[in-house]
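In the two assemblies presented below, chain A is common to both, partnered first by chain B and then by chain C.
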Partner chain A sequence: MLSGLRLQRLPSAHPGIALGARVAAIFLALLLASIVLEISGAAPLELGIQVISATFGSTYGIEDLCLLLIPLLMTGLAVAVGQQIGAWNIGAEGQFYAGAFSATAIGLFVPGPEILILPLMFIAGAVGGMIWILVPTLARAYAGVNELITTLLLNFVAALMVYYVSTGPWRDRVGMSNSATPRVKAEIPEFWGLVHWGLPLGVLMAIGFALVLSYSKWGYEVRLSGSNPSAAKYAGIPVRRHIITVMLLSGMVAGIAGMFEIAGTVHRLQGGISNNFGYLGIMVAVLARNSCVGVIFSAALMALILNAGIILQTQGLTTSAVLAITGLILFLTAIGDELAHYRITRIKI
Partner chain B sequence: MIDLRTLSRRGFLNMSAAGAAALALPAGLFRAGTASAATLPAVAEEDAVIGFGHVGPITDEGWTWSHHQGLLAVKEAFPKLKKVIEVENVPYSADATRTYRQFVSEGANMIFDTSSTGDFLHEVVKRAPEVAFMECDGHQVMDNLGWYYLAHWYPTYVIGVAAGHLSKTGKLGYVASFPVASVFCSTNAFLMGARSVNPAATLQTIAINSWFDPQAATQAGTALIDNGCDFLFGIMDEAGYLQVAEQRGVWAAMWNTDIRRYGPNSYVSSVIIDFKKFYVDQVGKRLAGTWSPSETLLQMGSGVDRDVWGAKVPADVAKAADAVRDKIVGGWSPFTGEIKDSTGTVRIAKDQKMTDTELYTWDWSVEGVSGLTS
Partner chain C sequence: MDLLTGLFSTAFLAGGVLALAALGEVLAERVGVVNLGAEGLMAMGAITAIATVTATPYPMLGFLAALAVGALFGMVFAAATVWLRANQVLCGLALTLMGTGLASTIGRSYSGMPARAVFERIEIPLLSQLPILGKALFSQNILVYLIYIILPIALHYLLFKTRHGLNLRAVGENPAAADAAGIPVNAIRFAYVTAGSALAAGAGAYLTLAFVPSWSDGVVAGRGWIAVALVIFAGYRPIPAVLSGLLFGLITALGFVGQARGWPVAPAVLSMLPYLGTIALIIVPVLAWQRMRRVMAAPAALGEPYFRDVR
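Moving on to the complex of A and B:
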């Protein structure tokens, strides 16, 4: 008589169910958005077709998608890498700025041929990102200070630092209506259309991290330290050293993202160059469930959504409506992901 | 809301009455199309797509609102246009490139970037040779790219004269966006106007790194008043610091439109702008196939002017400032040497008159302006 339905949480979702939940979430979000659009007098189906054809039906669309994908992939990867050892790097935004800043410094003030300057900028970007996460890393490793707060607060410092140099000492003297530095001459060569080599490099980096984390002793120790630090310590794993290495690597990836943006897409350092990529990276990593390879796909989804936002704006939707739809999709996807972990069981007592 | 057309017409009449000595070019044409640029073929009105990208929301009652009025005027003049695309809040980032590329994908024949996005726009310009681009406050001309802006320094000087009369402390405050040419020019013209009345006047500037950030503008206005400023001016797209001035009982002058209702007692005037005629003219040329990239500075009286004086501005002050305005419309330039920069070095020699190009690309502060790093 006493039989009921219970929800049971599984430690990991069945891949098929997870995928189904995600598709359902996106579908539901689009459906909700369509209803709202229909009520406000727009034609949702036509808009949808417009977005798909504008994105995939032209070289322009695919180029734009890839250019958005590069920084999202990198910042998402940065956050996902930190998560391997249980560190929340909320500071990818700041490390992105620091990387862009350091790369610009090399690009503007070090003379030399492009073939030399580009690798130097790459290293500068990587080191810049690492320096920016160094203090939170040491504070976490030696004093147990929560990296969530420290990395977050340093974002504002980095953003203001970039604002200061790009509107002050490094400002381009030739009149522009918004301040930026002069153009950095060294540019990452294009790989397809407007898309630069940052894309294949980023994808390789994501796969590389995934392989090392899955198949090396170091990767095993890192994952163990992340999931159960006390057990790892007991097993003789140098947890503190791994925390330092992994967090610095996380900062490095975000710094390289900043370098890519300077040398590949924007070419001038300016306030707001990060375009919130650092924060969006957190979303990308969460959607990928911190899988380094998964980041490639969730970054692509995010790029598609952001690009759709721009297309919808030219169709007369206001920025706020586009933002609301974007938020709705992400919100429902996150819920769908969580729900995929549950199964309904019948319990007999 | 004041009728801009009346104002423009009056300004225009003044100008023609004065023989338009210095302003001989029609409608403020600064430099005609480059000889090398071929014109783009004509487009039938029913097939034409025109695009506008704005820096802020069209409801800002300021800069973007004014450009939106221009768009409405275009729609009224060419009612059969296939499509007019308008995007608000285009950020100064790679997203601007994406937005303008999307305009091109939508088949735009002509695109107006109403707030210079520089390289982000130029990336698109280079790859879309069949599309005509016009960049407001731009500085570059290509085969299919021209720019337009306002000679805002003249009405700003006039408002500066009023500030010289109205300020008791001689300390003026300025809410700036970025240290860029239009801001250097605006602060300089304002203080030079004030110093023509009160040679001891100084101008303190705070840059808030935005054209539209009501909260930051309010904070900056408060800080300036706390420092003893009793006249605020600035280059914002909204009314933030006017409301502060009203609360604190000091004077304020604004940009873009008549927004005196946010501070009826403080309101002195505005650098008031009107792009309607210019936009209609440009779109007409593009449709007719006679468009070529030009460099246009709309002059005082035909696109930019001071607003009708505020209710509390004494009649004699208004009269004194308007006398200067008439002189400028008559061809006199207040931007004539000797002019020293903020370090005391003479930058413009005695009796040397600054050209429009020099004014448009001004990148140093005159003596008495503080807070802008050049």
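Moving on to the complex of A and C:
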């Protein structure tokens, strides 16, 4: 009897193999990047040791890492939440800007005690993010317009808006910089070293979303509408209403990320404040396979990579090089995901 | 009438970037592949062109080098999405991140310098004497003629008047049927995704050799994404794609005129117009022309990888 090996494609990938594919993709991307560095004359191994000692050698390094982790966690969560209903929120960058913008508006122009202003800024950030995703949401829900492009295009509008106010009407007229607003007085208190309470809040939000999505009726309906809209509609689930709610929630989370950045880390609104966090958030969600809890871990990984790029700036590496390496990881992950669908079976002929 | 001539002249020049990138995207999407990497490909084309003309004084060489780099990246993208059947959205986003990041990294040493050689204007005798449009359309650089006249007509003929074009559209509409009819689905997809990527990178070269003309970080500024949106608006057809590129050139030109004439609008607000305009353009038609839906519809198999052996 003859037997042969045959590739068989499974309808869904085994989670363990998909995780393995991710690890392999990251490893391969970093390997490729080091080869490029080696060719261009740098010593990748030494740079790696330098990064690790600068990050984990002092509490200061770990604090820096956590400060990067907060916005990545939030934008990653925003993208992952949108994905539950099958919506691509590529506009987390813009919603981040909008959240930072509205939080700054409250912080600069509303007088009052900090204990009142801080919650107001939080609400403003959340609402800012929701307003920024409102038009793409309604267009998707009522006209079936692809939200991927509409959310993305609004990123450029938001960046221009923030650039305009921070160099124009809201410019700091006293300080030396004329490309940022004055310092926002209300600050999120620190919870450990330099790290503010945004981190535990963000982690709680991620866990909260995971619990609601897994264990509530609403969460079940949302996940069903995401994986099979027509079946969900047939079962009497209000798919359109769920799309609107989930997309607005996604924008809200990204807006809160912007508020955290203003009130917790940067304290001034300036152009480029989002630092590509919105785009890196897509990466975070993809690496986590859109699991809200998984986002916490993949955000930590992305924070590590981004932090490495910042540390290596003195060595001539730039944040754009980090963006390119991130793209490479995403590319290899996408390939790995598809390959994880296959298994080798032995067939008898 | 000087104002009108200037306006249209700038509109043709500015719209060329979007028109060329949109033509590339039409090719990819007609065979059923969404290429969201247009933004990254344009960045790579833009920096390749600048690097080439810094070394040699021939703008055409810069343009061709950009096409080659675009084709190379396109092949990598097509290998992943067509042969390995990886998720097209993810691979496209990855291509955009890679292209943008890589171009910025390479571009640091070229930043801010004007291009050493640019595409010069070529006046076409007689035609350039026509009132208003004559000066605007027929006194432009050579790429403008390529983008607005030669390419759209050639691609329209290829797609809608030839047997090969019919095969190509069949691959985008119903790959299984095309396969059954003996059309090499994956080979056609691979070829046209590669060609489309080359055109997107060519649009980047046009940006830095004819329109801006210099490299700076973020010079592409979302034009790749606008091009992807224009293709939807144009109903996946080459001639409307070029015309909608021109429409956007007109919006950009209006912004320039506004700035030059000191209209009481902040420059940042004028710069927002193309993005807001694009959003309006892809939302409004869906609401307004319900009956046009069938004509404007996307290829039926758009975004779906083709598996022959898996059920």
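Keep this in mind: the second predicted complex is superposed on the first by the 276 of 349 C-alpha atoms of A that agree within 3 Å, B and C clash if a C-alpha of one lies under 4 Å from a C-alpha of the other, contacts with A are read in each partner's own complex, and residues count from 1 in each chain.
Here is the rule we use: a contact is a pair of C-beta atoms (placed from the backbone, for glycine too) under 8 Å apart; a residue touches a chain by one contact, two chains touch by 3 or more.
Keep in mind that this is a model prediction, so the values were computed, not measured.
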Which superposed partner A:G61 touches (first chain B, second chain C, both, neither): first
Which superposed partner A:I310 touches (first chain B, second chain C, both, neither): first
Chain B versus chain C as contact partner of A:T318, first or second or both or neither: both
Partner chain in contact with A:G168 - chain B first, chain C second, else both or neither: both
First, second, both or neither for A:R9, with chain B first and chain C second: second
Touching partner for A:A186 - first (chain B), second (chain C), both, neither: neither
Partner chain(s) touched by A:L148 [first = chain B, second = chain C, both, neither]: second
Partner chain in contact with A:V157 - chain B first, chain C second, else both or neither: second
First (chain B), second (chain C), both or neither touched by A:A87: neither
Shared contact residues on chain A - chain B and chain C: 163, 168, 318
Residue ranges of chain A in contact with chain C within the complex: 9, 88, 90, 135, 139, 143-146, 148-150, 152-157, 160-161, 163-164, 168, 279, 282-283, 286, 318, 320-328, 330-331, 333-335, 337-339
Touch list for chain A against partner chain B, complex: 54, 58, 60-61, 64, 67-68, 163, 167-169, 171, 173-180, 183, 261, 265-268, 270-273, 275, 307, 310-311, 313-314, 316, 318-319
Residues of chain B that touch chain A when the two form their complex: 51, 85-89, 91-95, 98-99, 101-106, 115-120, 136-139, 178-182, 207, 209, 360-361, 363, 373
Touching residues (chain side chain C, partner chain A) in the complex: 36, 40, 80, 84-87, 89-91, 93-102, 104-105, 108, 217, 221-222, 225-226, 228-229, 232, 266, 268-269, 271-272, 275-276, 278-279, 282-283, 286-287, 307, 310
